[in-house]
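Next up is a structure, given as structure tokens.
Chains: A, B, C, D and E, in written order; residue numbering restarts at 1 for each.
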Amino acid sequence: MTILSIFDIGLVVLILAVGAASIGMREAFSAVIGFVVYGLLLSIAWVRLSAVDVALTEAAIGGGMTGMLMLGAVARLRFAKGNDSRTSLPVRLAAGILCALVAAGLAIAVLSPPEVIPTLAPMAMENLPQSGLGNPVAGVLFVYRALDTLLEKVVLILALLGVWSLAPDRMWGGIPGLRVYAQPNSKLTFLAQLLPPVGIVVAVYMCWVGAKEPGGAFQGGTVLAAMWLLVMIAGLTSVPSISQRWLRLLLVAGPMIFLAIGIAGMVLANAFLAYPAGYAKPLIVAVEVALTLSIGVALGLLAAGPPERVQRP
Amino acid sequence: MRLVLDIFTVLAVSAGAFFFLAGTVGLIRFPDALTRLHALTKVDNLGLGLVVLGLLPQANGLFGALKLVTIWLLVQLSGAIVTQLIAGTVRQHGPRE
Amino acid sequence: MIGQTTLLASAFVVPFGMLLLCLWPQILNRMPSLLAFAPIPALAAVLLVATDSSFAIGSARFHLTFAMDRPGAMLLGVSALLWIAAGAYASQYLQNRPNHGRFVVCWLMTLTGCVGVFLAADMVGFYFLLALLTLGACGLVIYHETPSAWRAGAVYIGLALLAEAFLLMAFVLLASEIPGNSLLIRDAAAALPTSPQRDLILALLIAGFGMKAGLVPFHFWMPLAYSAAPTPAAAVLSGAVVKASILGMIRFLPLGTALPDWGTAIAAAGLFAALYGVVIGITQRSPRLVLAYSSVSQMGFIIAIIGMGMLTGDGRAALAAAFYAAHHVLVKGALFLSVGVIAATGSRRLWPMLLPAAIIAVGLGGLPLTGGALAKFVADELLGDSTASTIATLSAIGTTLLMLQFLRHLASTASQDPQATANAGLVWPWLATAAVSLVVPWTLYLTVPRGTLPDPLSAAVLWKALWPVLLGGALAMALWRWWRSMPQIPKGDIIVALDGGVRAAVTWGKALQRTDSVLRQWPAATVSLLILTVALGAAVLAR
Amino acid sequence: MNAATLFGLCGAALVGLGLYGLVTNPEPLRKILAFNLLGSGVFLVFGVVAKRAAASGLGGDPVPQAMVITAIVVAFAATAMAIALVLRLLQETGRSTLSSDTSAATDTAGADS
Amino acid sequence: MPDANLLPDATTTDGVFLVLAIVLPAAGVLLSFVLGGRYAERIALVLLPSGFILATIILVDVWQSGHRLVYIVGDWKPPLGIALRADGLSAAMMVVMAIVFCAVAIFAYADFGTRAGSAEARAPFAFWILLMAIWGAMNLIFLGGDLFTLYVALELLTFAAVPLVCLDGRAETLQAALRYLIFALLGSILYLVGTALLYGSYATLDIVLLSRQIRAEPATLVAAALMTIGLFAKTALFPLHLWLPPAHAGAPAAASAVLSAVVVKGSFFLVVRLWFDVMPGMLGGAGAQLFGALGAAAIIFGSVVALQQQRLKLLIAYSTVAQIGYLFLIFPLALDAASGQLQGSGALTGGIIQAISHATAKAAMFMAAGLIYAALGHDRIAELGGIARALPMTIFAFALGGVSLIGLPPSGGFLAKWILLEATVATGQWWWALVILAGGLFTSCYMFIVLSRAVAPSGAPLKLKTAVPKYQEAAALALALTSLLLGLVALGPIDIIEVGRPDSIMVGSR
């Protein structure tokens, strides 16, 4: 029983306890707080699983952004009147038993790995140098399975369009109603003036280092979005209206450039989303920079919600 | 020399852990929100400081050490601001039931 | 040869083309006057085209094939005659009617379906044209849009589609029996007797065709439909359309090989229907209902002939049944048209109209020298002198009684204004049909190669046909005296039971809807998802 | 019982927990929270699969790790859309509920505007 | 001619069309997102027909070459990279879906066309982009060769379909959209956990490679079960259909046509891919009977509840629930009892033709219902009197759609029922034949109810709220006719659906 395995067991017990609390708790606000804590604990679990890229993503998007969205929603849901009663006991019991069965089935599957564990790691590692990347995860994301990454960006754009399409017709083209939760008093503006420069440097570093070390476009984009939201909440800059051309261009820049390079690959490197020999690294970095910007703007607007105020002419 | 540094690290980190424990006890025992806030920020910041101090010799190279210190500074900054904001809200609307 | 196939093709293509032309409103308005001309190519085809010539539409791999065989030709010919007369009657009938556009479309659909079914040689074509026939006929039944018409239409299409479900299953079973993937009815009928699922297929075929032909347990749609439909439509429905199922039976059932058990069962059912129709018919008040029940009885008799054919394995049963059915087409069509004509004529001018109706009505019962006698004569020869033939004579008596009852009710429905005379446009088609119904059976008889049969005009045969008619007349006299004590039977007789069934179905449907709305609540849906996961996991793991 | 299997069981337990929350919690926001929990459980299973397939000097097979990153971003987009829907529903009806008992399903979409 | 299925995966000659089928919609979505306003509509109206041409080229190519088209994305062969594959199954589905998309685009031009001079409006801008996104997602579902790429395609489809449900912002459509989103997300998460377990056992998610290594281990079977249930939830198969009726009935006409005809088929197609291509031997007798039982229950419940609906769009939505049941009857029928393998020919061809004829017929019926709603201002079935005289073409399209659903020849529905019935006879499972025939009868019942109300004369003279443009009726009629004449496809290349089935691989590659 090495120190680390005790730590792991403690971590797992803590994760399950906080998760169960955030599910079982009756009061929505504390459940969300529980969820944020759960998100951070989970990123530690990812570090223990030696997947640092995923730990970063989980901490940034899973814990941070989702937590912030939930907090905003809980604040506004306090005014909802007369929500329905808890589900009856027999249903809860049945659900409990069945969920336990499903979890047990999953546990059986997890507990019975094949004798020799097949892996793509060696194949991924030996083909990595051709793309000039150091970080294998970035290699998978931008070289081997580039189609998934490209499509996932289109999914993000679609989700944003879905959120925007919820606005009433007269508000279209207006300003997302990012509720300013606290008046822009001195303390928040101080934070909003001090933290963003640091945040932006961290984001750029994360995006840049993503090629060699754990990091990358997603994590950088999320930090960028967080800083932009902080500045908007503090009221230092106005929330942009959704019909501005530059905003749309910025949103689409990442996937569009990725698509353009992919199509160019068909001509120059005999396959869609293939990189011409030798130019892989610069192209990928260019795509990562564009993606970081797009993701930053997209996540920020997703958190800001549908347009709710018409722009004062 | 290596041994001395290791002992120093163990001592500093355990002191930090002790302060975290004290902060948590304060959180549970103190009567109202403001005192809890006070306990938390003060003690946890100190605890974190000690832990960072303890880890400095273990950090690989100057760059790693600088990163640890920046982490500590950032936590202090955000901790202070957030405490101020919560305290402001608590004072304005009264503790939320 | 080319002439033959194009003529045969035109029989189907002309009505189908006219149906498609109805899409343009301006042609639709002029269509009522052309109704009579649509069936003419079919008649010409029957007269000119040699039997067993066929043609196909479609590509090499999958095509609709049409062929002319003897029973088909016989039935198509008489049906074409009836369609022409009824078409003329209908164009007059529609003169002052609203929305005749829909009537014309349904009429042409039914005509196309009817001609198509008589000519169809492959199963999918037969099924498609039967469906087209059903949809068109249902449109005709619903034409007046009265509540009883809607109910009749609903019952008609409900039962028809149920029958077609049986037939579809039977055709699929047959298709899998035929070696190679030809879908011809000829090959299906050939493969049927030797197939392992012969009994299942036979049961399905008889159930399907029985429903469409109004065999007793499923006959209740006939009185409803024929009383609700407009007169020309009722004539065509009771005459030509219902014969489609008879032709289906003739073509699909293996009349060549002896199947004693099936033969007796069908013959018994047919004869029971023949008697049942008479017993219920005499209690009815309106002439149309009496005619409807007479149809039930006659169709029962024809099915009995087919049953007897299957019993003895005697190939001639097909022709005998077709011949009897052909006669029935004309007589029943003429009688229905007469109902319309008589209703429009005043009491003063009633007798010149009533006389021809009386002749052909009693002819149905077997009056000597009429087509009916001839048809019964051919049927007797086949039924042999066993109990079946005694029942046949019983049904002859009953039919005469029924027909006299019909004539009595018909007379009572003459229009109040004594001077009223039916429009010439209505009278002439009716009279033509009546005349044809007398003449055509004889001409058909001559074409049927029957050297061995004793001469139908001999005294013994005449007397054999006459005494049931006289007996029927006497019974009718007796019936009219205790008329008051006759029990009142509702129109569809066993349909009352059906209403009970419908109510049960409605309550059952409500229960299903409640379970559905329970299942669509969130907890129930997600719990059922979990149950499904566990069930599928168990099912797959325990392979 | 190495670390990977331990986290695998934790992932399976989280999936069970998330499913339970999704089924029993009436409010949509709590369902979305349960969905995120369920999602993180699934991602843990991916992480365990990656950890077990560690080879050639890597802490884990990069391919499933890349898939998890993509899945996390997609899950976040789904959560954002769901929360926007909940808030819009709150704006429209003043209540946030999934059960349509107020107006039976058969004539819900029947507002004959 | 060596069967290309056996050759190691390599980009075949016309593989580039597969990439175009993915790139065109993606570029369309991104471009119209930036340009916005009337450009979104123009881009859609240009891209969708070109998508149809592309799909036909792929279909002809697959038919002529006799084997499937393959394209290796990024020049990395599976297991490391991703391959796009188009076999007969996907090519046929892509062409029909392209036809439905073009018809819906023409139909939606009236409702979602931005008037000249008006600035960018919410609903049109969102509709055209979402339509292209659904088109792209469906193409990816049909062509995707990697289970995780198919997961991303499923998410793309859900994120594009949910906003369509609540496009007009009414309260109950918002609730329907929320229920649909959460249930669909539950489905896709279960699908994802399945892919995780499969990757754990085989270190690849490529369909062809998986089908060569698949073993009947607990991990694989649990994964298959979870993935199947996830896809059932997204296809709204019977007990899991809570979201479909309010969502499809509440959405605007063009949207409900796409939702009901196309979106539901996506996850069904994945179930077919999973069980017919990846693990044909794993679905035991019990599992197949469970699939069939759910399908039968869907047919019975869906039809009976549809019979009792007061509103036309809800009736058609429940009819979708019923018709989906037919699609899942093919699993017990396709299971060859001796070898325990799911056969690629016979019942599967029937199922695909049923899916195709349902797609076109249902799209036509929802368009017709939309026109009736626009003309009368309501769609209560009891008060549909006189509409047949007011909108004859619409009711004719609705009737033709109904005829195809009932399965009267020469419609595609008839051909599908014929093939399925032949399969019931061949496998001796007569009980499925009863269900198929009962389904046809129920369908004819509720079609008769609706048509009899529509044909009945209206009491008061009918005044239409809005004049219904002719091309909308023409679009609905065209779709109904394609569904009606689909039966004639039996004349032509009916066996194209079996091109590139995995059976040929299984035999060859051992």
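Heads up, the rule we're going with is that contacts are C-beta pairs under 8 Å (C-beta built on N, C-alpha and C of every residue); 3 or more make two chains touch, one makes a residue touch a chain.
All figures in this text were calculated on a predicted structure; none of them were measured in a lab.
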Contacts common to chain A and chain C (chain labels): D, E
Remotest chain, chain B as reference, centres from CA atoms: C
Leader among chain pairs (count of C-beta contacts): A-D
Chain whose Cα centroid lies nearest the overall Cα centroid: E
Whole-Å separation of chain centres (CA-atom averages), chain C against chain D: 63
Cα-centroid distance, chain B relative to chain C, in whole angstrom: 95
Chain C and chain E, separation of their C-alpha mean positions in angstrom: 42
Between chain D and chain B, distance of the C-alpha-averaged centres to the nearest whole Å: 32
Multi-chain contact sites of chain E, meaning residues that touch two or more partners: 80, 148, 152, 155, 159, 162-163, 166, 169, 174, 179, 186, 193, 197, 200, 203, 218, 222, 225-226, 245
Residues of chain C whose C-beta touches two or more other chains: 520-523, 526-527, 530, 533, 537
Multi-partner residues of chain B (each touching 2 or more other chains): none
Interchain contacts (touch definition) - all pairs: A-B, A-C, A-D, A-E, C-D, C-E, D-E
Partner chain C, residues of chain E touching it in the complex: 179, 183, 186, 190, 216, 218, 221-222, 224-226, 228-229, 232-233, 239-242, 245, 282-287, 290, 294, 300-301, 304-305, 307-308, 406, 408-410, 414, 417-418, 421-422, 424-426, 433, 437, 440-441, 444-445, 448, 452, 455-457, 488, 490-492
Interfacial residue positions of chain A with respect to chain B in the complex: 182, 185, 187-188, 190-191, 194-195, 198
Partner chain E, residues of chain D touching it in the complex: 15, 22, 28, 31-32, 35, 38-39, 42, 45-46, 48-49, 52-53, 61, 63-64, 67, 70-71, 74, 77-78, 81-82, 85-86, 88-89, 92-93, 97-98, 100, 103, 105-113
Residues of chain C touching chain E in the complex: 58-59, 61-63, 102, 124, 127-128, 131, 142, 145, 150, 153-154, 157-158, 161-162, 165, 168-169, 172-173, 175-176, 509-510, 512-513, 515-516, 519-522, 525-526, 528-529, 532-533, 535-537, 539-543
Residues on chain D engaged by chain C in the complex (per definition of touch): 19, 22-24, 26, 98-99, 101, 104-106
